[in-house]
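Letters A, B, C and D mark the chains as written, and numbering starts fresh at 1 in each.
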């Protein structure tokens, strides 16, 4: 810890000498606007201000960042790019290829980011060998949340295989409880789908199918089995799931109307906001199967003119990866820090599980990017897959047809 | 010089607007046409690659659904809004004492942004929360109204909300039309002992043909541009069952970084608009010539 | 005296359509020129060209000795009264009348003075503060006139100003305009499709058809000696009888032979006109056919005619009979004893006769 | 038109009363249809978040609280600032008011030219402008962004005003053209003879005549511009974002805690100016339409 502080201080020194006397400026485009999120980002702003910087806030929420991306394109085309932008996954590389990203390697190398981040996450932050983005957090996507009372009342353990899950669901259904709370929105369907791919096919299959887009994997029997499981799970969802917001699904679990929900760890925030205690009122576990699907939020720096803004970028990058911000932000957000050396004492049980699993899976090579949250694939491809997944889930399409459609859609999106 | 200016002042006045429209509408359409022939992804690129984007577009089942939906939604939205608008206008035209209040009630949805109203509609139409639950709560346990969650019927809920938003405006158009019909004709008809409904169907409504045309144009413009409505109400779901060309295009351009694809879908949309608007313009111009 | 309005070789095209073809008209100060013709004949377009409201394709227009061909309406020293009156709806009557002066920067005192004068002249003093929407048709008409009068222009232009009034009011206003013309001794150009208006008002009439002037002349000339079949038919009510006939020379006179159904052809002898072609169309106004004994003169011929219809019209009685394959109307005295189905001796006053060539329609005598 | 009830009166007292009842019941049913979403929004905005989480969404509030309204106006987070809609409200006013005024004035001038000063090609120009109404706005975002950048208007309020004016021109011109086309051309002729020029005729004669259609156009444009999100989000930057972007930021959070009561209150607040315009000017709206704009 001490050592780190020293490094940070020297980085600031480097940055400061590089952009002498310019007061750091940053206009930050992000889509964290709801109460908890906003408070989390505010921490960053305060630190930024404490270091003499001026933070200009440019929030654009909506559609999981779609609206922000619309605004970003317009800003870049008009030659008026924001200083820093909330970007994630392959989109970072896509923007890099457009030649509009700034290089923050100076800060990253001074701060030794390469050793502080799990390798697969660090890869997302690099563009052709240089650092171009700073990670904020790690959301785990493959969580299954449960109402503790319901499980106890029905004598059910948290499932560790999909078969166990199915058995539990049958039991619950017989008891008149909706087994799975789900919101029928495309991205939620995709979230469930990728956890099933991971659980049924295993990490290697997940990587082949949803990262490499290997046609053999996409058309394999395993993929048919995945769609079969999706069909089974469609039976565990209540009739009115369509279009439901995820948080209303979470509320169903809280209120005892449903037993399980498969959702990333932001769902924890909803439970906490309602005063529920993890491990007592509600339970968290990874979805069946080995592996860890991460959704890493990060900030990319755009090429801008002006020493003040360049200084702002360096300072921002450094603060984002700073241990204090990583801790405070993630405590608020429900996620865990991206850097692995942050003290987790203040975090809850679920976060601990998440952190342990992250380092474990990182070693085993099963720390994988979430396709549903734009970490694994470029927009066109992940969108094409989601189209098929949601079409299958919301109709009586056969698994074989779905697999065929999936292969076609992926080919057509190239 | 001043003579010249005097003679050409109308053209000079119109020129800036015309140039603006030429550039910002037609220039941009040309730009879109160009981009639709490229492989633009995240940002526009300008190397022409042929009709690859159109081939991809027509190969995408989601685009089929979007066009089908536009047809279903467009037809129903326009027809129902017109019928409802006309009906409400006729009802309101019967010397209603509270007309001001009722008219405002019918008209206000136009003033609301769909961003949030969509959520309210989502709840109302959701079987577990809204109308179905309410009616079941009254004891009619078999009552079913689950269009929102049914892939085949969800597009009709979009129609319901769309009609809700726009029919008030159509009502206003028709009400204005009814009020501008020559009162003498109606008096004459009443003296002849023609029943009220016949007066409407045979005399008043046929005389409002231009209003039907205006309403049609406004409604088709809304139908083609419908975007917020779908995003807020169904998000295009279940699945992509309620996708419309406008939402398809937006998704391609801005969430999927597939600008070439978005441009090609925009061009097809524009062709549809063209097919609707050009006959209208033609009739407008012909009418102008007859003056 | 120099002509107050002189139009030379005026042409007007809309695209490739010729609206006015080679128009030549000129009037003296104090003239009341009426442009008359069926709708679409170009008379209103001509008026608009005179006003400068429509650009012309060729030729020239001069007003009060000045070439006005390229001059804008406001500088032509004209005033105009429109068919729809074109009163400015949001302005009071007073403002309507003074608007032109205000635009031209006439001082307030002069404006007020002129306004009072004109208002008194037209008896609209009590209307000055009203809006056009609160006025009756006749009152609007007066305001429109007032707006023109207050200009005191070299030339007044009227575009069918009476066509929106009811019959009684139209006659009243017609008289009023005539009186105005006489009192002011102003020069006026007046467009109408109503030939009675033309006859009663004009000192000079231009009959137009298809963009071409058919005849220019005094009302009497137009009425008595129409230049062609069109003018003959258009001017006068009931219209001139136009009867196909054959001619043959008989000494110094000409015999006119007219077929009639179920009877011997009617033969009339014209002692004043000779050298007519074999086929002619004979034009005779209804008042030039009388009951025998009621008309005498050098060139009056009498013949029995079968009466088909009798239409009493108060002061006169119209009698219709069949001649040369046409219905022929005669204007008889009110007390005539003519009865349908019976023969009646009738007098044809050939001193007033017009002959037209059947092919060209041109006047022959 | 106004005497329709006279006939009903003649056809007998009892059936007349019955008919009136049916009429009012029908009108009432439709009013319910139109009011339903507003009811849901209002009741939700008056509930506490706990009540929403546990209770039915479509029900009357058990305890009425105005906290959500207060939060929406001045406390909700729209980013790291949690000042509610308040600061954005003025941005919207600064955008909408000039944009409505300019586009209305230009539309009036254009409509005046197209309807009353026809010259060769004027109709074609008008049709081209009208077609501009139909262009999907998503299409123009990217080229417009480039253009605004070149003009130096990127991210500024004048830039947003400019965009709204350009894409409002088609409709405003259409409205005024259709209105002015019903005014006899002789009015212009008379004024020309009176010595008035193009602008004088416009200011002294046509503009005073145009109140009804101005009301229609202003209502239409104000609604469109105030409720615009797409342009607002694309062509603004920090400090110039309009209220719809703020509303969207409050409402549309993907992974945050959802406060429906605040969302609904915010939505109603954001819509208040347009609602006010409708209530106040609704009567003139109908009158304006009656006065000619619909006589295509």
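Quick notes
Methods note: contacts are C-beta pairs under 8 Å (C-beta built on N, C-alpha and C of every residue); 3 or more make two chains touch, one makes a residue touch a chain.
Composition by chain, UniProt nomenclature: A = Probable sugar-binding periplasmic protein; B = ABC transporter permease; C = ABC transporter ATP-binding protein; D = Sugar ABC transporter permease.
Keep in mind the model is a prediction, meaning the values are calculated, not measured.
Summarising the inter-chain contacts, the pair of chains with the most C-beta pairs in contact is B-D. When you average the Cα atoms of each chain and compare centres, the chain farthest from chain B (ABC transporter permease) turns out to be C.
Chain A and chain B (ABC transporter permease) have CA centres that are 37 Å apart.
With centres defined as mean CA coordinates, chain D is found 56 Å away from chain C. Centroids built from CA atoms put chain D at 39 Å from chain A. Each chain gets a centre from the mean of its Cα atoms; for chain B (ABC transporter permease) and chain D, those two points are 15 Å apart.
With touch defined as above, residues shared between interfaces to two or more other chains in chain A number as follows: 63-64, 67, 70, 73, 76-77. The multi-chain contact residues of chain C, meaning those touching 2 or more other chains, are 72. Multi-chain contact residues, meaning those touching two or more other chains, occur in chain B (ABC transporter permease) at positions 6, 44, 129, 250, 253. Contact residues of chain A toward chain D in the complex are 27, 30-39, 41-42, 45, 55-65, 67, 70-71, 73-80, 82, 139, 245, 247, 251, 254-255, 264, 266, 269-270, 273-274. In the complex of the two chains, the chain B (ABC transporter permease) residues touching chain D come out as 6, 9-11, 13-14, 16-18, 20-22, 24-29, 31-32, 44, 84, 88, 91-96, 100, 102-113, 115-117, 119-121, 123-124, 129-130, 133-134, 164, 168, 172-173, 175-181, 183, 186-187, 190, 195-196, 210-211, 213-214, 221, 224-225, 227-228, 246, 249-250, 253, 259, 262-263, 266, 269-270, 273-274, 277, 281, 284-285, 287-288, 291. Chain B (ABC transporter permease) makes touch with chain A in their complex at residues 41-44, 56, 59-62, 122, 126-129, 146, 148-151, 154, 231, 233-241, 250-258, 261.
Contact residues of chain D toward chain A in the complex are 50, 53-54, 76-82, 141-142, 144-146, 148-150, 154-155, 230, 233-239, 241, 245, 248-259.
If you check the complex, the residues on chain C that touch chain D are 48, 51-53, 72-74, 78-80, 82-91, 99-100, 103-104, 147, 159.
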